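Next, two complexes with subunit A in common: one pairs it with subunit B, the other with subunit C.
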Partner chain A sequence: MLNAVFISVGFLAACGGFLAAVLVMAEKKILNYGPCEIDINAGERELTVDGGSTLLSALAENSIFIPSACGGRGSCAYCKLKVSEGAGFVGPVEEPHLTSEELKTGVRLSCQVKIRNDLKIEIPKELFAVKHFRAKLIGKEMLTYDIAGLRIELIEPQTIDFVAGQYIQLESEEYKGREEVMRAYSISSVPSDNRHIELMIRKVPEGICTTWVFDYLQEEKELYFSGPYGEFHMSDTNAPIIFIAGGSGMAPIWSIIQKMVEKGIQRNAVYFFGAISQKDLFYADELNKIADSSEWFKFVPALSQEPEDSDWQGEQGLITDVVKRYFPDTSAHEAYLCGSPGMINACVSVLTEGGMPEEKIYYDKFA
Partner chain B sequence: MDVLHSGIIQTFFLILISATFTDNILLTRFLGMCSCLGVSKKVDASLGLGLAVIFVTACTAVINYLVFQFLLVPLGIAYLKLIVFIIVIAAFVQFVEMVIERVSIKLYFSLGIFLPLITVNCAILGTSLFMLNKPYSLLQAFAFGLGSGLGWFLAITIIGGIREKINEASVPRGLEGPGITLIIIGIMALAFVGFSGMIKI
Partner chain C sequence: MKRSPAEDELIQSLGPSKFSAEGFMGHDTRPVDEIISADQRKLDRLGISIQTLVNSLKAVYQQAQQAHGAEIQIKPGVFATFYESRGRVPSPFKTDGVFEKGEAVAREKETGQQMIITQLGIALIERHHFFQGIGSRYRIDPEVAVRLLGLATFKGDAP
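What follows is the complex of A and B.
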């Protein structure tokens, strides 16, 4: 009896092991494409990489970091690159993310392009400035019941050059069987303090990265991130600004406002902070202080579900309604939004109704 | 007459034809239904998946026959055939996927999404299991596998063709998609049952 159990278990294990070994060896042998050349921006840089890996990971190995929030699974579509030669066929995973215009010009998801031969690709200049950082958490405080403020000191490289409004990609470590992931968070500190960055992170229930940040990332612990990424920053015009952001969406706005104070940029700006109730408010004192001591800045927090009998003196209602009340005509303004796709879509439609051209509305959508 | 002991070539073709028509794995045994319902919306997709199934069924029938006769039976663990066959089929499909990716990248991209579907296609596992019910030789097992694959290919291609046509007709809303497809398959199964008994193996 016992013998039969041993034979059957042993055979199954041997069978599985043998087939797995065969497959691993076959993959090494069959899918070995040898060294391939990647030509970036028509000769600006040439890389020689081992074929068989994806373009995204091959570039990351050579310290060129393309933004990617999903970690190469082809669901976030951040890692779009123009591949002018050698990309091969568009697969079923990337097809839904590409417009017909992009398909024509050779735009691909770099995480889905497998390197099988020499490639010619184009990378936007600013992505060359992206670096991989080793850093240390030196402060973690709860800003509200579900938003934490992190202060991070850079170790290697020691400094970071970024524009207020840009974001980084934080890399979570493995814990309790959850894999490592990369998630995008806006920097909330000012660029002049180039040895530190600060982040505002809202706890997402069951979120892989935020759970790691809240439960596993202790002060003095080392962490890794790459950046800076993003086109979200203040324009060069002098148009009055409407900032709209709630919750952890404050991060890039807070960075921009602090920079304006620091540099003495006296451009008219109103910051609409949308929240559910008073317990979701944070940094209100700091923002009010800036508003009280300057002519150009106004801070308008608005609560959507504050109880009737509360002591709240400020605005009530949905943030879109409040914006509309303040600025029925938005044709001369510029708007900077940060938040969920739903909130951004609602704000964009209110602002364009008021006469704002859509190219004057700047935002990063974080799903 | 006793088919299994007539001439080699004659037996081969009889088993092939019977597996394709009289014992059609999709229409008389209703195996491989899930991928059939999913993919049979268009003829060219049906063709692609069908061809891949023919190849994998025929090859895995041979491999599983050898594994069964020379490993499982001597070790006295024939009862493990189900799980061993699944592992073998999965590994084989992975292997084929790699070879195709290397040899013909064009075929890989047109067939690529179908190959993982085949790993869990019960028609293939069914073929490997059913062939053990008869005292087949290796060649006859190959004929049976090839025939089963051909039968599945035939059925899904016909269903794909009918569904393409039916898209132009107005189907009652509640029956759209899988509903009308199952009815079509049912009617086709009735037609194929008409073949049964023509060849007795």
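What follows is the complex of A and C.
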């Protein structure tokens, strides 16, 4: 009796093992898509990759880094790009992240597109210049009670080419059970210093990456990032400029202003820095120094909730109200904004009410 | 009781992840549907509908956001401040999409009682009636919310 049980169990186990082996073999044979061609931007670049992987990882293996914060799980929706041919059906993970217009035009999450055949895709040209960097933190200082300034020296590659206004994706390490993550931060340094980058990072309560930066990232420690990303940069016109940004939103604006000083670009510019109180101000001395030594630049810090007994002599009120007071007519200006979507939307309203065409408003939304 | 793969996936999504350091459950060990039922009962007792609460949370979030970090008054003694943050956070319920990360912190000065209102937090309540687990930083306790938003008066509240 016992023998019969053992024989039956053994037979079933052998059958299971055999079926599993058949499935593995079948997957290799049947699902072997072989080499697939990826045509990027109508012949601008062509890649031959092994089928079966995702588009995001196949591009990364070929040093084309598409922004991604979730590591390919289909949840951050940063890795969108247009697939004009060969992508297959949109899956349930992708669908909630795509607008009807995007669905119509073939926009997909590259992390969810599995390469099964040849593909034709379109990606912004500037992504070809994105590289993965090994670097070292060489300076860390508190700019305010909750904003840190980082200075980072590049190790490999040793230099970076970026345009003032662009951002990088910093990779945090695992700590206290937190997974490693990637988060976007604008570069605050000037492009000519191409062996370093500087960042301004505000501590976010419970923020995975900012907690790592503030509590675990020490000077001399190696770190990794990819970049540069983004299309936010100063235009080539001579229109007078209105800059609006507060807090860590100053980063890309500071990069642009430093570039203007360095290159002798003397376009009339006013920088409105919105803050709650004096404890939120930083780099005011540096910006006032530029304003004092030049005709073309003016710095206007404005505080929205400074204590009543304060010695503050400058502007007070919401930054949008202050901008309106200075520029009731904005029709001849261009504006450069950096901050939260709410702040950007409010500024866009004020500027367009003043007559500024919306296409003259450039912004880096914290989104 | 055996859970379906979808339930397993949801439980995993509600835990700590690349997007939420602490996850959405806090130290609450109850199943999600039990948390939802308990909070629904609380709201029912207060005579407030989910939609009324959601509309009020949305209004406070928007007003605080438009103040660009300056404190706004919700009702006497209760104030809210908006803290902006770069990036977006996906919902643990996969089909909801992604949400702005900024948060409005509403706080009663005298008692220190507070709640943190986020776009995702509002969406979780509106779409799934999920207020998050006890101990989660972003839990919006129905009683606390109704009280801070002034949707009902409680014993001991100023008239």
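The criterion applied here is as follows: the second predicted complex is superposed on the first by the 307 of 367 C-alpha atoms of A that agree within 3 Å, B and C clash if a C-alpha of one lies under 4 Å from a C-alpha of the other, contacts with A are read in each partner's own complex, and residues count from 1 in each chain.
The rule is short, and it goes like this: contacts are C-beta pairs under 8 Å (C-beta built on N, C-alpha and C of every residue); 3 or more make two chains touch, one makes a residue touch a chain.
Being a predicted model, the structure only gives us computed values, none of them experimental.
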{"item": "A:Leu318 touches, of subunit B and subunit C: first, second, both or neither?", "value": "second"}
{"item": "Partner chain(s) touched by A:Ala69 [first = subunit B, second = subunit C, both, neither]", "value": "second"}
{"item": "Contacts of A:Pro92 with subunit B and subunit C, given as first, second, both or neither", "value": "both"}
{"item": "Touched partner set for A:Arg116, first subunit B, second subunit C, both or neither", "value": "first"}
{"item": "Chain touching more of subunit A, residue-wise (subunit B, subunit C)", "value": "C"}
{"item": "Which superposed partner A:Ile7 touches (first subunit B, second subunit C, both, neither)", "value": "first"}
{"item": "Contacts of A:Ala184 with subunit B and subunit C, given as first, second, both or neither", "value": "second"}
{"item": "Partner chain in contact with A:Gly339 - subunit B first, subunit C second, else both or neither", "value": "second"}
{"item": "On subunit A, the residue positions that both subunit B and subunit C contact, one per complex", "value": "92"}
{"item": "Complex contacts: residues of subunit C adjacent to subunit A", "value": "16-22, 62, 65-71, 82-88, 90, 94-98, 100-102, 137"}
{"item": "In the complex with subunit B, residue positions of subunit A that touch it", "value": "4, 7-8, 11-12, 15-16, 19-20, 22-23, 26-27, 30-31, 88-89, 91-92, 116"}
{"item": "Sites on subunit A touched by subunit C in the complex", "value": "69-71, 73, 75-77, 92-93, 95-97, 177-179, 181, 183-185, 202, 204-208, 211, 246-248, 274-276, 280, 304-305, 318-320, 339-343, 346, 366-367"}
{"item": "Complex contact set, residues of subunit B against subunit A", "value": "71, 75-77, 80, 83-84, 87-88, 91, 94-95, 98-99, 101-102, 105-106, 109, 112-113"}
